[in-house]
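Below are structures written as structure tokens.
You will see chain A twice below: alongside chain B first, and alongside chain C after that.
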Partner chain A sequence: MAYKPQYGPGTSHVAENRRRQMNPDIELDKVRNVTDEDIVLILGHRAPGSAYPTAHPPLAEQQEPDCPIRKIVKPTDGAKAGDRVRYVQFVDSMYNGPSQPYQRTYTECYRFRGIDPGTLSGRQIVECRERDLEGYAKWLIETEMFDPALTSVRGATVHGHSLRLAEDGLMFDMLQRCIIGDEGVVTYVKDQIGEPLDRAVSLGKPLDDAWVKAHSTIFHSLVGSSYRDDKEYIEYIQRIHSLRTKYGFMPVEE
Partner chain B sequence: MTEAAFDYPQCRITPLRMLKPDSAEALLNEVVKIPGIRRMMINGPNLPRTVPYGPARGKPNPNSNRKVIDVGGSEFELHVQVGTIILEVLDESVTQKIRALCDRFFTKFPYQLQTGKKYMKTQPTTADYAKYGPNVDPSLIGLVDPRNKEGPIIIQGR
Partner chain C sequence: MAKIERSQKLFLDALKEKFQGQDPESVKTTFYNFNGVRQSPRKREFMAAAKGIEMERGISMYDPEHCHLGGLPMGQRQLMTYEVSQTGVFVEGDDLHFVNNAAMQQMWDDIRRTVVVGMDLAHATLQKRLGKEVTPETINEYLHILNHAMPGAAVVQEHMVETHPGLVDDCYCKVFTGDDAMADDIEPQFLINIDKLFTSEQAEVLKEQVGKSMYQAIHIPTIVSRTCDGGTTSRWSAMQIGMSFIAAYRMCAGEAAVADLSFAAKHAGVSQMASILPARRARGPNEPGGIKFGVFSDIIQANRKYPNDPARASLEVVGAGTMLFDQIWLGSYMSGGVGFTQYATAAYTDNILDEYTYYGMDYLKDKYGFDYSNPDPAATIAPTQEIVNDLATEVNLNAMEQYEGYPTMMEDHFGGSQRAGVMAAACGLTCSIGTGNSNAGLNGWYLSMLMHKEGWSRLGFFGYDLQDQCGSANSLSMEPDRGLMGELRGPNYPNYAMNVGHQGEYAAIVGGAHYGRGDAFCFDPLIKICFADPSLTFDFSEPRREFAKGAIREFKPAGERSLIIPAR
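So, the complex of A and B:
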């Protein structure tokens, strides 16, 4: 029988959302439209319209060693062109943010190629070739992995994921990269490292509370679904904990 | 160290959402009208004047939350996004007045008023001793970060 990945345990809607994001066979809903130029502006790695700076000549122009792995693995577009490696970093609020660092890493590993994710408690960074990065960042911002109020693109100075939300519903940002206008539209006025943009980039209105709660991948006993209510998840975690504790002695399941 | 001769009750206002400067100004202007408040401190995450780290380190950090507000006739610049307000009061009746004010003020989101604990320090620490020396004014203790060059704001009684 062919192996069928389960992606994760749990019977709660949070667990289901996690599996939904990770499963590459499921196409996530596109919630907003962002242009390629907007993505380039937010990332701040190159000027919009400029050529991709390269780290090495295109693969087609160089003599590659006779390597069996290179024959098996098809290079991504960015690797083929010799792009630089650049990054995008996301911060998700614990108050029902649509994703969270580990979840982002799992999702990206299942869905993207040629990436190097870094997972931290309050932020998640992914590095890859610049051309690929722009495509991945666009997907991450346009789909339900992103909410303009509860998720933020922050290259540096990321503090805010665990803080109370501001009065206008935005996650705290020391550098105020995005602002919410009178009509409720969130616009980025700085790029991900905090340098002012030549023009503001609109990412639309924050999604309503019911949507955010229904699409959250974070357990939160106060504002969302409690972790302890998902018995299957607890059982799974306890099993993992038990096995890894016993592993050093005799890894046999009782 | 000197003894805690200034053992006044304290309370802490914690709104569910962090306040914008306009709301903070409105709330604080109501709070200062209540007689019997000795000292007040605004806490929250820092809003630096320049980008503190990262590739843009040292560049200006324009932020609409870092704004000059007027409380009880004294103007000062907010350095933090207002998260909690700690008050030292003369007695418990003042706390009740503050609670009544908060009940009226926070209509869009809830708040929490915690009482009876030491939210603001009342005894000098080693850092205070190094900064102010042995004869420090007790009313300064706990109000100002010893590393900060700016002093407290004095709001005159009405």
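So, the complex of A and C:
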């Protein structure tokens, strides 16, 4: 019988949102348009229009060793071209940021190829070949994975995910990489590492409270959905813990 | 799980003091208007001090407004003060870095400079091999000589250099025994009086464990163990013990029996506070990485002072343990830098872990009828998987809800590792205190970690991916990986060795298992008695209070050099 991913337990809308983000068969809503050039500006790895720096010659120009794995795995475009490996890193507010660190990692593993994600409490990084990265970053920013106020692209100095929100609704960022204008539009004035941009990049207005609550992937009893109320989720974790305790990592149901 | 009502909210006073004039339950605040690093009196003090130093030495130093992020100083949000839990003392975060806190340094100094050395082997050598008489009078005379020699004074040879007593005034030796008649004959200045220092129940057990044997609790000079290392302690001690026996019992300095005394003092009769570490973390004995959790829980004396409050006793171990293992061991010995401090301080400031732990105590009482204020082995709950799951689930969910309900508290513990350590500690302590089983406590810790990670889709830094997501398999059961009971684990236990925010809490979970039973000791009765000594510079019954004193610069440490340096 073919393996069919279940994308996690739970009866709550948080659990459902998590499954929705992870499942590559579901096309997530595109909620904003950002140009390729703007993505390159925010990432800050190369100047828009410049060639991709390479780490090695294109694979087609190399003598590939006779390796069965290389025959099975089709290289990504970035790998084929010999691009260097670069990163995009997101910070997600615990006040209903639409994605959250482990959720991002799981989603990326199901939806992207050739990636190396890293997951921490206050940030989540994904590294891959540069031209692949730009495509992935565009998807991660344009879709419902992102909210301009509650999600942030930050290479360093990431402090903010657990802090109260500023009065204008933005998550704290000591570098203030993005600001919110009089008309409520969020613009990036610095790239992800904090270098000032030659021109500001607009990412549109923050989504409203009802939207972020409905699309949340984090349990939160004050501003969202209580973890305690999703009994199936809790029981599932207890079950995994009990099986691991009794049987190590080869769990067998009694 | 069955949520219970608990109204105390021990953390609220601290939050109101820290975030004055703000609603601790609001999710909105203002940023970027705090005048940066200058909002903090301590940072301003640092800047002024650095100016003076720069003028004197001609080399630049602390300059946060230029060097931090290329000219963007920290302090774009409020730089918080912290209450050292259950002390009422508010301090700046900087004051809890061990470099800035003399009490923290002294706690570690007092452990590193201590060994316990048995006297039975030496007395047997003197009596049976040499035919010497050993009496209370000769023992008192020996101790008089030893307290002259141990700080660094000569007892046998002519024309010797010696140490200045004012520099080594923290060095001394006392003895203890389970033999009441013998104890009565020892001069009070040299005796650790078990009956006076412990509850009658604890004293009875400890004296039974010690029996008629006699042990020396030896503390070499702080300045010596600082200049050398923990491995020096037994060597310095053994040298002075050997010379004192020679002087007290009129032995020949070169006779072969001296070798027996030396062997007993250096090896056969000595209890180190910590075992040596393997090559890649190479340290001698009496260094932090080798301290077993059971031993550490005996070093800390809060269960002697608070025998009817195992939660309080355990929380004191958390404070002391996170300071030693996170701030000093992992943070400095193993890593270096300043970042580790706030992993540790989260567990002993602002009464947050205290609140979560007492919630667990109330839950134990409400649901299982376990009255934590009357510790008794017969009252502990069977450590089944179901009960561990129930306790850890409820305590963890409550902790998450408190963080959610009080955004200022979430902001206080702004890092996931801080929250993970604190929540898991409360779960672990509830399980270990309630069941009297350290491994059940560790198992509760790991369920908390899994539950935390799934609920908020985040945990701590990368290291938590390793030990906290495989810990279920090596905690309640020891069979899968031929592991150890909690008492025998330590900072160098596989999986435990690389991760800040765990080891101090693990030690407390181990201690809690015994405090919840009302045991007199956790692992080693000799060490429990040794650190009960009120003559020690650091008071091991109140480590958090001592840290607070250090933070407000009221702690008087040992090992100072002002006698031999120019006045400033």
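As a working rule, the second predicted complex is superposed on the first by the 245 of 254 C-alpha atoms of A that agree within 3 Å, B and C clash if a C-alpha of one lies under 4 Å from a C-alpha of the other, contacts with A are read in each partner's own complex, and residues count from 1 in each chain.
The criterion applied here is as follows: contacts are C-beta pairs under 8 Å (C-beta built on N, C-alpha and C of every residue); 3 or more make two chains touch, one makes a residue touch a chain.
Predicted model, so just to flag it, every value in this text is computed and none were measured.
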{"item": "Fit or clash - chain C, chain B, common chain A", "value": "clash"}
{"item": "Which partner reaches more residues of chain A (counting touched residues only), chain B or chain C", "value": "C"}
{"item": "Touching partner for A:166 - first (chain B), second (chain C), both, neither", "value": "both"}
{"item": "A:52 touches, of chain B and chain C: first, second, both or neither?", "value": "neither"}
{"item": "Touched partner set for A:179, first chain B, second chain C, both or neither", "value": "first"}
{"item": "Contacts of A:194 with chain B and chain C, given as first, second, both or neither", "value": "both"}
{"item": "Which of chain B and chain C A:219 touches, first, second, both or neither", "value": "second"}
{"item": "Touched partner set for A:211, first chain B, second chain C, both or neither", "value": "neither"}
{"item": "Partner chain(s) touched by A:110 [first = chain B, second = chain C, both, neither]", "value": "neither"}
{"item": "Partner chain(s) touched by A:139 [first = chain B, second = chain C, both, neither]", "value": "neither"}
{"item": "Partner chain(s) touched by A:157 [first = chain B, second = chain C, both, neither]", "value": "both"}
{"item": "Chain C clash site on chain B (candidates 22-30, 58-66, 94-102 or 130-138)", "value": "58-66"}
{"item": "Chain C-contacting residues of chain A that also contact chain B", "value": "157, 159, 163-167, 169, 172, 174-176, 194"}
{"item": "Chain A partner contacts - residues on chain C that touch it in the complex", "value": "1, 3, 25-32, 69, 72, 74, 76-77, 385, 389, 393, 397, 400-401, 404-405, 407-408, 410-411, 413-417, 419-420, 443, 446-447, 450-451, 453-462, 465, 470, 472-473, 475-477, 480-481"}
{"item": "Residue ranges of chain B in contact with chain A within the complex", "value": "15-20, 23, 45-48, 51-56, 59, 61-65, 81, 83, 108-109"}
{"item": "Parts of chain A lying in touch with chain C, wherever the complex brings them together", "value": "18, 94-95, 100-103, 118-122, 157, 159, 161-167, 169, 172, 174-176, 194, 217-223, 226-228, 233-234, 237-238, 240-242, 244-249"}
{"item": "Residue ranges of chain A touching chain B (in the complex, touch as defined)", "value": "155-157, 159-160, 163-169, 172, 174-176, 179, 193-196"}
